[in-house]
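So that you can tell them apart, the chains are marked A, B, C and D in the order they are listed, and the count of residues begins at 1 in each.
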């Protein structure tokens, strides 16, 4: 199927598939550990798909705003790689999937010699946050936001302050992880300042459209095809896509690789960022989560799309 | 670079790269848990690359015979899928990478509700061996051997009886795993019979040429391009390639995905089977293993090739 | 309270307390992993208390026969100590309580450098069984039985063959543990022969009277006060009583030490052997088990006795 | 041996035994995680033994001041029990030994349903610190200090401020544990305030004489035999002595129970508090620690004493 035909076929199928997948939302649960997430509409499902020419397809509640949460980890990893290079970053985090649960314990999040398994689990992402360059947490956060705005081509991208405050106040497990990393000498500097950067980037508010634009840059090896600018070195995009494939969907990453086969990253808000290399950037939102912490309807919709249009990398 | 140019370029580079990578063998150790493996030549490194037209390139000790060991797990998984379908197989093994060590403990090799994490770890492969159809262990083993012979297009493929006997006599850890699976009701039937099938398929003796032919079938979605026959349904090849990417190189799979980016499976004998989709089947042998149990020189050689010719899937 | 007064007071209180504690049996469950245990009467509770002059008190179903199960581990430990001395035995098993669950996994049953935590968990008791002297499993088992008969002063003590066969056939977890110990070079010799000795001593059938007599020997530092013979060196009794206090009641040992404070060992058949140093040997049977695997009514009855008569060691 | 004879015999033996045990200090290491501990004299060994009539025996560097560290956990447990009773305290901490390493990970320090295994591991002691009554951390700390002064009959007992500040600044692992407990809803209130109380009581400076007096109160079931005052209810002393026996010497508690057999609690400063019920309170200091974190020479000296004078409870 050529690119034009496929785009038309996706356009034709999408509305009905969204409604079919939406039915699965009743089997999931919205994250409730902070009030801001608990208020998300449980039955929502939206998608925004963008191709290299800037044409887009949307369906469902694609305009619903949500916070990036773990999806942000992909891009702070990239920024840390751009700030320090591979050697430094991978002296602080490993490269292996864990198989561990969403809320797994510290020990299992560490490999010898005492660094987190990979940059997409919480422990690893906190270590990555500590590597963002900048003079103090405010400047580091400003650099992150600026990078995210450029990738999303959206100057309005900003923090959800209420979510940030809640995460900061109730993030006991992340604090526990961070102090554990400090004990293991993975974190330099002040733990609370690192956590501030981490909680901030998790709290950046986006829509599916923003995610699709950020994903498109990854789909085209670091190039923003709509402006012609190279925003990320290709090697770092490759690293990011590899981690998204092996560790992007928590401890359902292996299952997702078999059922969908695309690089993807999910967040506890119900968002999923994914991409078809050389073709599409995709943002999905569906706040009802399955037992592994991924959007239950979002995963189902991506299975339908990947299966029908043969998008698996494998 | 078009296919013909690339093939020529690989041909030109291969001999020197093999010699360069061979130097790393001094950093590794040959597996020594059974005498037969301990006798492998520590400084050996060989490769056999085969394209869809049947043209091949070889370098180093490419004629060295060795036992498949864990490489066989890929093909018993495929046979079990062909025998029973996805639903049955994945009721006995999971789909997640583990992050655990080569000789990891049982508990960490199981996910809820009590099945092994994936079919490429020992616990999972033993569960898969129990699914091979056949009336008794001899018939099951005969079916495995017959399938492997067809994939390798080599009627002479056979067991290394000495290796089989040694594995059977000293495989205390695999017995421990198997009885643990029995306790968890993952294994039906007689534990010793399942182990016989498992130890047998690990003991099939091959050369890099055999591996390259088996890999070529995977590279062309289940088709033997040299005979035109479809040997494996495409979906099962896709499943196999996905597991090879997420779990094929023990708990260095994540690192290999980033440094090489190809579906691959290694064995404790020092063999690696890998493939470039739509292009090549590749067999590598290098008995000196790194700390994670993979051929130290073999991995290095594949990094060179993938890096230079941009073979990563990502 | 002097000894005579206490004995009278126990006699007076026992029948009513047994009936009170019996009510708790409805909260427990009889072990059901083999048919022979599942047939035990769930609401039974019996006790036999024996003093140094050979006077005894009984109440409830004190004549009910049952298999020793884990209670036997105390006495095989003593026999192994008598056969080899402390140094050899403690090169194969550790001395630490584990805190792990009744059916805990292998890894957690081992301490560095790879030996079981203590002789009262399954892994440790299997290691101890391998140390019993004798030419082959039959002779080893005969020596165990002979030792137990002497301690119980009961020549009729024998195996429950049906229980032995069931344990042997369904003991997959113990086989898994044993092969794991073999892999770790804790076990010498043939795994199946060690397991035969282990399953045999777990299957010795006793009554509360037998337990009370065996316990009396421990209560009097190795002496059978009724015959005047020294059956066990005092130091080995001390070791046994220490393990019974720190590890005797599975992972409720800490709780039992606080609520009862006596050396004790429970078995999955619902038996408990305990003792008051210098005063009594006690056997209890109550097949309904609590979540930790101890007789729910038996523990309650011992709490009443120890609390009322101030029997805690602490 | 009657009490008077024993006291004389201990007096006669002590100086030589201290010198013999002192030789073992060369096999141990002084704790070095904070500068204040690292400065302790590695070859020091001192003991102070006090009987119920107030007679005391000393040998070695018995006047050396040191901080209580983990020894304080016994007495904050008692104070929490006096403040809230058993039910409340044991809703926050369990009663089981762990078998885990000195610096064990969080997961292994928790039992279902998510509370620390026992009050003598760090996680459990932090939970206990949160239960001390008082309006704010200063008042809580003041109550602790006042209680400790009363037990030691020493109004001069005070904090080592330098040690407190160092512990507070570098206590990343304890912070990690505390936030983990907060996440699991074991801790109420402010984590930093709980940690302040915890670090403070660990930093109380004592000598062996102070420890022996505190231990004497435990040896006499809560009575200060020298003043006649009851300072602790007997039941809480019994609970404390039980925990000291099953969990007091880190994960060498099982070994210590077999080799010494007395209730004891060690600290990372090299102190050990122990007691012979109804006879002696004992304080020991020997800063060189063995691999399990206990005073290497102190343990050896107590083995000599307990062995020679038959002090084991068992």
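Note that in this section a contact is a pair of C-beta atoms (placed from the backbone, for glycine too) under 8 Å apart; a residue touches a chain by one contact, two chains touch by 3 or more.
Per UniProt, the chains are A, B, C, D = Glutaminase.
Here the structure is a predicted model, which means the values were calculated and not measured.
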item	value
Identified repeat of the A-D interface (over half of residue pairs identical), from A-B, C-D or B-C	B-C
Centre-to-centre distance between chain D and chain C (centres being mean Cα positions), rounded to whole Å	32
Whole-Å separation of chain centres (CA-atom averages), chain B against chain C	48
Rounded Å distance, chain B centre to chain D centre (Cα mean)	55
Residues within chain A bordering two or more other chains	108
Category of the chain touch graph - line, ring, star, complete, other	ring
Residues of chain C that touch chain D when the two form their complex	94-100, 111, 117-118, 238-239, 241-243, 245-247, 251-255, 257-258, 261, 263, 312-314
Chain D to chain A touching residues, read off their complex	105-108, 172-173, 175-180, 182-183, 191
